[in-house]
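See the structures that follow.
In what comes next, subunit A is part of two complexes: it sits with subunit B in the first one and with subunit C in the second one.
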Partner chain A sequence: MKRLLFGSAVAGAVLLPFVPLGLWAFSLRWYYPDLLPEQWGLRAWAYVFGTAGTQLTEALVQSVMVAAVTAILSVAGGVPAGRALGLYHFRGKDLLSMVLMLPILVPPLCVAMGLHLWLLRMGLAATFGGVVLIHLTACLPYAVFVMWGVFSNYNLEFEDQARSLGASSIKVVFQVMIPLTFPGIVVAALFSFLLSWSQYLSTLIIGGGKIITLPILLFALMGSGDRPVAAAVSIVFVIPALAALAVSARYLGSRRMLGVW
Partner chain B sequence: MTQPPAAFSDARTRAAPRPAAVIRLLAPALAVVLLLFGGGLALGLVQSLGHLPAAGMSSLSLEHFARVFADPDFFKSLGLTFYLSLTSTLIAAAISVAAALMFNTLAGRSRAIQFIFQMPLTVPHLVIAVATVFMLAPSGLLARALQNLGLISSATAFPLLVNDPWGAGILAAYVWKEVPFITLMILAVLQANGAELLDVGRTLKAGRWQRFRHITLPTIFPSLGAASLIVFAYTFGAFEIPYLLGQTYPMMLPVWAYKAYSDVDLLSRPEGIAAGLVIAAVAATAVVLAQGLTQAARRRGAAL
Partner chain C sequence: MGILTLSKLAIAYGGETVIHGFNLEVAEGELVSLLGPSGAGKTTILKTVAGLLAPACGDIRIDGRSVLGLPPEKRNAVMVFQKPLLFPFMNVAQNIGFGLRMQGAARTETRNRIRDILELTRLTGLEGRKVHEISGGQQQRVALARALVLKPAILLLDEPLSNLDANLRQQMRELIQDIQAETRVTTLLVTHDQSEALTISHRIGLLLGGRLRQVGTPQDLFHRPIDREVAEFFGGCNFITGRIRGGAFGCELGSFPAPDVKANGQPLTATIRPEDILVGIDSDYPIPGRVRKASFEGAAIRLWVDCGDVPLVVLTPHSGLTPGQPVRLRLPAEKIRIFPPSSLPNPPRKGEGDPD
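Let's look at the complex of A and B:
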């Protein structure tokens, strides 16, 4: 009984904010003070994928591209660094862990403001590359921490065995290390993707209105006051977040999730 | 957005083969952090000290910082930001302690509840901000519900919960987002080393409150503290939620900094950056304290 009560309290508190999002996204007419829409409809969705389709699809594609490139680069840097941190003792490791944590938590606002002028000079402001670079400042360290957790449970003896059987270094990396750490790599990639996907302000500052990602479009929609469309875009925007959570819960199990955060 | 990770205990680490090998492994990550993050902050500092050749300013001075610190609006923003970050963190921490205890005893095995509970961790700030507007605005779902229940007579009788002076909407959105993170950090400790001590407490006839006060609380304190500091750092500098849910005056500091930075008057740009650096300094301090707490706890744990 107590368990049921607690479960429903959790579910209620977490899911409640999604109720108005869902209602608005499928409403056609909904005046105050009606509790439910007077008329239901798919106008918002038709608008999102039809009328305003090009603008929205472009933003969607842009968001996916930026986040995917950021995630790939984050994993590329995160795997070796996570390996070093997870497997070896060395001096200055505590300091290093702090240095790597700062970019995740210090807001990208000041970093983006600082870099803007110089990216402008290098011709990288308002470009795809510039936005990826600013996203990397937070996403790559994040991937490092995920891979650190993965490699602190990694058994080097498998590599030793492969090597003693005559495997080359490259073979060890691709046929031992990557397969063994694959679930962790997937999670690191997903969460770097997600972190980049959710960036708003740093994209706005560096992208300078040229790189329109989904959050930038969503902010504009909130300004325009079209609630059904804003709700529909919010739902599109939240899907990868829930997918990432689902995949990581499946791959890592809930206990291992804790290591990721 | 997604929350930061905790430091890991290194059960199986070995001594490094060669320092050069470790450095090679760390090089790409370090290059990004030092060049882009460190470089960004350094360049920001240079600009906020007035070096802006494009605008014809080339000498360094503390003038912009002085102007920021002489601005009463800045202090109003700073005060508001401290109030909202601190309040949301404290509320979230209190709820998290209760939630962690309940999770530990009640819902430990239900995967569905665990999944739902973790959802706010990955939901982007912007989405919860939009949802909060739809929920708490004067024509939002809550006002509609109250009016249908006959508790208020019209939308104007509904209290202002969004863009309000007390930041109710901001607090609600942040608490929603932060509780799972703090709870999971506490839960990790509770599940690892809470049970035996509580049994000892029970054998010694300690009451419920005594067990909580003298066993559970000291056990979870380091991770509760670290998680709260991390959450505080995050809320102190996050932009989307206050931008959408905050009032126009005074603004939370990140919004103030961005407004100054993007002002048509190029001269207020260094002031925006200066405010951004103040935010960075506060957030960095909180992170350093959090790491100190975790590392101290880890050392103490290792000594036991």
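Let's look at the complex of A and C:
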């Protein structure tokens, strides 16, 4: 009974905000102070999949590509950095953690504006690589912090044991360290993916209108004031994010992380 | 094959030398225990043999070949840690097969060897279980099986029983003895528990203050300690000073024949185990004393007896002795162990800090 209540409360808190979104997306006319739309219809969806279909598909692909590459690079940098921070003591560790915190503390507008100049000089402005780089300034610190936490609870004796059982140092990385920290790696990748997925301002500044991700398109449609269409695009926007969450859900708070020691 | 030779080994840890001049040879098929208080550097020695730490100097040879240049995975000396350290992302059989997979062994051979080792370690039927679904004793056995399946030249066991409760400990101790007898794998075991070392080992090396103090059979160490500290480690608490005169050891408690001791005149220390002192009433028991304290220890009573100026501790099955009561004691001459002259006076050892 208690569990059921808790479950429905959580489900309600997650799903309730989507109710007005769904209503808007399937409405034709909805004016204040009516509780429900006056007229229902699929105009918004016809627009999204018909008129704006190609545009939307391209933006969706672009967003997935940017977010996936950002997530992979974040993890690739986050795992070794998190291991160093979590397991070893070295000079300048405090300074390093503060530097890592900076992109989170400094407003993204400042970061993007400041780096824009550099990316222009390097010829990376308005390119896919440039957008990934600017997303990394936000995502990489998160991945490092997640992996730092994971490695603070990591028992190095597992690696010694594996070495003694005949694993070379390369095999220890791929057969022991990565499987042991896999739930953490999934969480770090998910964080990075979602963070990159929702980037608007930095994509706008660095992408310079050449790299159109879903949020860029969404804001454009919002600006036009067509609420049913904006609601429909919002739903399209949120589905891949929810899918990413669902895929990684079995690793969140996973007990598989606990070894026997 | 499996002969382990450690010669003049010194190991530094955190800038401090914790092990000095360590020499030990473990013969093929032998089970040798390294016994010592916690923090004596026992695990450090095992890790050094396994190749996980590098010694400051000295040599480690397996079957006569130096293995100092070899990485841990090529040493053929497999270490089993104090904690089971089972990989949580693998089931029991996969854990046991880990080392074979690293070697790239053929699938059928792997399967057969896992099956055999499961039987040997009495784990048959658990191969498909997840590692957190089995009991602590079973986990420890999986850890042992994971090492044994590789048929290593040298098996290194780090406190294999310390994580188990008393009942399981006895079972595991017997299992290790049985398996060792059956596979005849050369084993170096580390423990801080003297009773464990005494029951399980062919030979014991006692490690005190970073040095190997005495190596010998369990009987040697228990009954013939070479100095006071070794005796104290095994629970010896009666130390009597005296001198050899005319083939007998003379001290405050009387004169005891000691024909084998070659010394003349200089002060010596002798010891006798508390359970070897006999308590009685008549003149067969020549030493009078008075009970200072008595405590019940289950199978025996521990008495603190003052015999003149010499305090003695006695373990006796006689009950009913209370503090203040007079008693008579006899010290059988054959049970008295006189330390060789070099051990007295105990020289203060410089630069030998406790490596805790």
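Just so it is clear, the second predicted complex is superposed on the first by the 219 of 261 C-alpha atoms of A that agree within 3 Å, B and C clash if a C-alpha of one lies under 4 Å from a C-alpha of the other, contacts with A are read in each partner's own complex, and residues count from 1 in each chain.
One rule holds in what follows: a contact is a pair of C-beta atoms (placed from the backbone, for glycine too) under 8 Å apart; a residue touches a chain by one contact, two chains touch by 3 or more.
Because the structure is a prediction, the values reported are computed rather than measured.
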item: Which partner, subunit B or subunit C, touches more subunit A residues; value: B
item: First (subunit B), second (subunit C), both or neither touched by A:164; value: second
item: First, second, both or neither for A:76, with subunit B first and subunit C second; value: first
item: First (subunit B), second (subunit C), both or neither touched by A:193; value: neither
item: Contacts of A:113 with subunit B and subunit C, given as first, second, both or neither; value: first
item: Touching partner for A:155 - first (subunit B), second (subunit C), both, neither; value: both
item: Which superposed partner A:182 touches (first subunit B, second subunit C, both, neither); value: second
item: Overlap of subunit C and subunit B interfaces on subunit A (superposed complexes); value: 155, 257-261
item: Subunit C residues within the subunit A interface of the complex; value: 47, 50-52, 71-73, 77-79, 81, 83-89, 98-99, 102-103, 131-132, 139, 146-147, 150, 156
item: Subunit C-touching residues of subunit A, taken from the complex the two chains share; value: 155, 157-158, 160-169, 171, 175-176, 179-180, 182, 255-261
item: Residue ranges of subunit B touching subunit A (in the complex, touch as defined); value: 1-17, 19, 22, 24-30, 32-33, 36-37, 39-45, 47, 52, 54, 99, 102, 106-107, 110-111, 113-128, 130-135, 139-141, 143-145, 147-148, 154-155, 176, 181, 184-185, 187-188, 230, 233-234, 236-240, 243-244, 254, 257-258, 261, 272-273, 276-277, 279-280, 283-284, 286-288, 291, 295
item: Of all residues in subunit A, those that touch subunit B in their complex; value: 2-3, 6-7, 10-11, 13-21, 23-24, 32-35, 76-78, 80-81, 83-90, 94, 96-107, 109-115, 117-118, 133-134, 136-137, 140-142, 144-146, 148-149, 152-156, 191, 194-195, 197-201, 205, 215, 218-219, 222, 227, 230-231, 234, 237-238, 241-242, 244-246, 249, 254, 257-261
